[in-house]
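Heads up, the next two complexes both have subunit A, just with different partners, subunit B and then subunit C.
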Partner chain A sequence: MSLVSIKDLKVSFKTRRGNVQAVRGISLEVAKGEVLGIVGESGSGKSVTSYALMRLLDKGGSISGGDLSYGGIDLKAASENEMKDLRGREISMIFQNPRAALNPIRKVGHQIEDVLCRHAKATRSNVRSEAIKALEAVKINDAEQRYDAYPFELSGGMCQRVVIAIALACDPKLLIADEPTTGLDITTQKAVMDLITELISERDMSALVITHDLGLAAQYCDRIVVMKDGEVVEEGQSDQVFTAPKHQYTLKLVDATPRIGVSVRELLLPDQRTPFPELKKVDLPLLEVRDLTKTFQGKSGPVHAVKGVSFTVKKGQSVGLVGESGCGKSTTSSILARLLDPTSGEVLFNGEDLSKTPARKFSRDPRRASIQMVFQDATDSFNPRHTARQIIGEPLARLTQMARKQRRSRVEELAVLVGLPVKLLDRFPHQLSGGQKARVGIARAIAVEPEFLILDEPTAALDVSIQAVVLNLLVDLRARLGLSFLFVSHDLHVVRLLCDEVIVMKEGKIVEAGAAEQVMTSPTHAYTRTLLSAAPHPPILTVPTSSAAE
Partner chain B sequence: MTGRLATVGLRITHSIPVILGVVVVSFLLTRALPGDPAVYFAGPAADAASIAQIRTALGLDKPLPEQFLIYATDVLRGDFGQSISTGQPVSEDLANRLPASLELTLTALLLSCAIAIPIGVLAATRPGSAVDHLCRILVTAGVSLPTFFTGVVLIYVFYYLLGIAPSPLGRLDFIYIEPDHVTGFYLIDAAIAGDWETWLAALKQLVLPAVTLALFTLAPLARMTRAAMLSALSSDYIRTARASGLTDNKVLFTYAFRNALLPVITTLGMVFSFTLGANVLVEKVFAWPGIGSYAVEALVVSDYAAVQGFVLAMALLFVALNLIIDLTYSMIDPRIGFEAK
Partner chain C sequence: MTDVVSNSVPPTRNHGALDHFLYVLRSNPVTLLAFMMLAVLLVAALVGPAITPYDPLTSNAAIALQPPSLDHWFGTDNLGRDVFSRVIVATRLDLAISVAAVALSFVIGSLLGSIAGYWGGWLDSVLNRLFDTIMAFPLFVLAMGIVAALGNTVENIVYATAVINIPFYARLVRAEVNIRREAGFTQAAKLSGNSDIRVLALHIFPNALPPMMVQVSLNLGWAILNAAGLSFIGLGVRPPTAEWGIMVAEGANFIVSGEWWLALFPGLALMFAVFTFNLLGDGLRDIVDPRQRT
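Let's look at the complex of A and B:
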């Protein structure tokens, strides 16, 4: 008998433009002790389904049809008070962005105690020790001391462990994990997912893992449900869904997931695969970094963010900079983008030392145009009150002498180049989709014809199918405009697809560097091996994609 | 704890330049004002000789730097000079009038917090409901009706028409004797003395002006509470709390309200400092012997010592107020380290 059964569930949201159906009649079952993955891209209704199960839909959302039951209890008919007793005690939830999911001004120990007391799992006398036990259960070192910590004092991975501790404190039977590792480092992601699966099997719990990452779902779930536009399009055993997808959409998702042994073109659907452009590589150094260091003055003494980093980017080359948060990759890229001054070291660009010009004055330097950046979060890096046209035109107005008319035609030219429909140019960022915003960000960066482009996780916030398109766009642009890339990322699969060389950084130092293929297949440093093994390995398609598509 | 005390001390030393600046600027500004106190006090029938005599007596014939030096050394000794309009030492005037203003302002703020914060919280939990509309009406009315107008209306209704309120003439009806001066707050002093009849009389006098002022300060507080609660309630940690099955009260007060308090306290501090200086209109309407009306009267007659004393007292008060707000902040929010930079 299944623990959770959802039959023909429909959820609709009241919006200003009338009712929107977010979930259109889905049915699924979670057996006792089973881990079910719900995979889909944004807007597929996968999160809404889980919130409907918890009866925690946002304002305006309502269950408009179907049945929900948990262990024989009709969740649709249950009163709000009955639901409150179930939440946390029978069904728990963990979320993405763990730091925001915790009350910022309450000690984590007290937050666990709140749940324990609510469900009468502890008395006043033993609540503290029970809370510490809950922290120990999620393998937090020094649980006694962490009891008194505030969320801002903990790392992202630690916060997620606390969120898990809160969720599991009252021994629920079902855990819903809503994108539990989005935004976490790759090794932290592995640690958190391993911990979740271990705890679930230890306690004989069931779980619902909601994710956009097919590789992750394939690795950790028993069964997978693929959702699209509020409907289930495919359901089956994880490896089966991956190796022999039946539905066209699943196939598209599987294809778009970066993995070993495919080229960037193979992420696209077969009919969209254009011939691979020819890359012009010149054996001349464009950027030489020599013994770069950066030390920040922290509260408790100096912080050495970058400790003597040297590397070269040749003309037309694409170099990947890989590492976990805090390894100094963002500091390094900020110095190269000349937004930050190094403490010591040289940054030679076409033979000239850029670090001689202070970052403060570099915005007026004629060389500003030749080094540009594409930022991770397209939404946050745009002025929300500027249209796409103004955003792309901004560097043209500041760094070139172009007349207004000329700028206008150049912006349209750029839009065509990055594949943004010209009629969308007069929209504001919030009126554009994630993929369109990424295109605007790229168009802005290449507007002033830079030689060197720094890409800081440009696809991290995108759905896999959009990511596939944007990555291909970057490859095309690189070939067409003869650009050099510094690609900063923590996603090793993406770096492998896009880069000729890879630099692996750890604690401010380069631990390994070399040709991408070589570093990825036969890493010499232990840390690189850790990173590679932490990345989810999607099973490889057994059925050739082209035949499956027919 | 010792660290906290040390930082409090450091913060106070940091405010010394501010206070020095206030001393210099208030001195220069009063001198720059048009009007000659000597002429004013000599009266309309005075001749040049008597004006000159008064000027010498006031020390106004000396060059400015020398006047400043005398003033500064006096201030250092705690002597704020003599008010020429009341004839009393300024420090004595301030000691009498500052508690009157503080008593009025604090009562008004307590009252407005007691109304604004619950209304703001209720409005945020039920957006679009009757409470929300009531909140909007109160906020709009509060800011759009000038205090002197609400004051006069309240007097008209409660004193003239209904006859419930006592005559709006100061802090205490003349048939009562002022309680012994301990804090200068009549309510507290009367309570200390155990004179409950006087206490009640002082309270009756206080109600109307306090309500007038409260209606005015209600608006920003209710607005800010509502906005802060709305944003707190839509945050991720509230979702976590709800997903853990916590009760509505726990979610609302322990989780949302404490987080929403921070901006409310900032607003409260701003409103307090604003009201203390700006309640002169209320003081005038209710013949309240407060510091605001004192300062305005002194300014009109170019009573240098009184104006400077007022400005300096206000500056000291604001420094103290900011310190208290920062301390409250660091108590509520652990992310704000109370550390010296």
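Let's look at the complex of A and C:
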């Protein structure tokens, strides 16, 4: 008998414009000991399904139809008190953002004790040792000492381990993991996912893994359910879903996942593939970085974020800067964008040393328009009080002499160029979807026709199908405007699609640099190999599909 | 989960500011009530002197200390003046004092708070210690001291009320500016060629407005109470000017002898005004916050 069975579940949300159906009648079953992956892009209703199962829907959300049962218990009819007993003891959940899921002002040990005490799994005398045991179970070194740590003292991966420890403290039968590794580094992602699957099989639990990453689901789940717009479009064994997708949408997702051996155009559906543009390359250096260092004054002594980095970006070239969080890639890109002053070293742009003008004064520098940046988190990079039109027009107003009317038509021109419907220009950022926001961010950055564009993980927050479109857009723009890119990312697969050369950074230093294809296929440094092997390896398509048919 | 909702909503035309205002009023009955109460206050303040049945300053000893009646809704005071007319006419003065004081502290507090929050460093420390110093005094006593020292005038009440409120605004703005100092849109604004002052004034500060609106409306209530309190103890506005604080003070002498209406009605008017501003806060915040427009 299956542990969880969901039949024809419907969930609706009350909004300002009436009811919105987030889940429209889905049915799925999780067997004992099975790991089921729910894959879908944002807005597909995959998270809502799991929240409905826990009966933790947001205000305004309600289960409008269908049945939910867990081990024979009708979850839809269960009272709030019964649900409180089930949550944590029978069904547990790991959240997307581990830092947000932990109470910032309480020691992590105490937070584990809470759940143990709530479900009477420990007494006052042994609760501390039980909590430490739970920490040891998730392989935290020095569990005894970590017991007294506050969430802010731990790294993202460590926080996620603590969240897992809380979730598993009472030996639940079902674990729901909602995007458990989003926002974590690729090596941490592997460690966390390995840990979760190991603990699940050790304790003979079932799990529901919700993710947008097909590769991840294929690697760690027994069975996959693909959701779109609140409906299940495909269901099957993981490798089967991946290698022989039946539904058009699944095929699109599989195609859009960056992987070895495909070009950026092949991420798109066959009918959307345009011929690859011709890139003009001039063998002249545009940007030369020489022995760049940056030291921050931390509370416990100086922090060396960048320790002597040198590289060159040629005109029309696209260079990828790869590394995990804390490797100094963001600091380096901030310095190159002239938002931050280096401690020492030179940044030669067309032969002139930019670091001679302090970052504070650079906003009025005539060269400001030549160097622009696309930010990682588009939402955060927009003034929430400005419309898309104002956002794109801002650099035009400040950095060019254009008249108001001219600016208006230029903004519309840019919107067309990046594929943003002109009627969306009067919306506020929160009224735009992730892909639309990415386009606004790119339009703003190219508005003043810069020579050098820094892209700080511009697709990290996007769904794969939108990522595919945005990456292609960037390729087109580069060819059309003759831009040079510095593409900062943690994902080597994405970098390979877009860049001619790759620089791999670790702990403030460059550990490997070279042609993208070469670094990907025959990495010389051990760290590069670790990065490459940590990325989920999606099974290769075996059945002739659209991409093979081309 | 918000993604789910916003993605499934069909695109419709963007709502204008007026639509948004009407939506906020419709969706929240308390806000609607608050705005209706504010309208009553504003009407009284703007056209009050023109609509009162009697001259608020004309005394008539023959009808002194009469209880509320159809002729004199709120009764008459010890000099035979109509209490209703006086309460209505006082609205303008009380609102003017509080609005002026709040506007002054809003502007100065925002300026100092923005500077402290954006540039930080020694400037921040100095300004913070200054605010601490102001707040270390019992605020009402400080206001009393300021009015007593500067002279007993309406302007000085405004200045005193403004001074004691500046730290609240400055602190709030400082915190709001500080968390946005390193935000992505701040960096983006610098990339777009904005100077520091522009970034602060056009990008960061407007985002501090929603919480400021709550502070402003609460503060308007406090400022009215403060002004009335100062008049009550004989500072600031002087008789025979109609002002709620003085009227309560004068009426208080007659409560013991049974003439309760002298103090009660101006007191109720005060309560009404303070209550209005306290209710207004949330609605004002929703109106100035573009994220509420969906």
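Keep in mind that, in the parts below, the second predicted complex is superposed on the first by the 546 of 550 C-alpha atoms of A that agree within 3 Å, B and C clash if a C-alpha of one lies under 4 Å from a C-alpha of the other, contacts with A are read in each partner's own complex, and residues count from 1 in each chain.
By our rule, a contact is a pair of C-beta atoms (placed from the backbone, for glycine too) under 8 Å apart; a residue touches a chain by one contact, two chains touch by 3 or more.
Treat the numbers as computed from the prediction; the structure is a model and nothing was measured.
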Clash or fit (per the criteria above) of subunit B with subunit C on subunit A: clash
Contacts of A:54 with subunit B and subunit C, given as first, second, both or neither: first
Partner chain in contact with A:339 - subunit B first, subunit C second, else both or neither: second
Partner chain in contact with A:102 - subunit B first, subunit C second, else both or neither: first
First, second, both or neither for A:42, with subunit B first and subunit C second: second
Contact breadth on subunit A, by residue count: subunit C or subunit B: C
Touching partner for A:360 - first (subunit B), second (subunit C), both, neither: second
Touching partner for A:182 - first (subunit B), second (subunit C), both, neither: neither
First (subunit B), second (subunit C), both or neither touched by A:384: second
Which of subunit B and subunit C A:152 touches, first, second, both or neither: first
Clashing subunit B stretch [against subunit C; choices 21-29, 93-101, 201-209 or 273-281]: 273-281
Partner subunit B, residues of subunit A touching it in the complex: 54, 56, 83-89, 92-93, 95, 97, 100-106, 114-115, 118-119, 150, 152, 163, 166-167, 299
Complex contact set, residues of subunit C against subunit A: 1, 3-12, 14, 23, 27, 183-185, 187-196, 198, 203, 206-207, 290-291, 293-294
Sites on subunit A touched by subunit C in the complex: 13, 15-17, 20-22, 42-43, 45, 47-48, 51, 58, 61, 229-230, 334, 337, 339, 360, 363-364, 368-369, 372-373, 375-377, 380-385, 394-395, 398-399, 424, 426-428, 430-431, 433-434, 444-445
Complex contact set, residues of subunit B against subunit A: 235-237, 239-247, 250, 254-255, 258-259, 332-335, 339
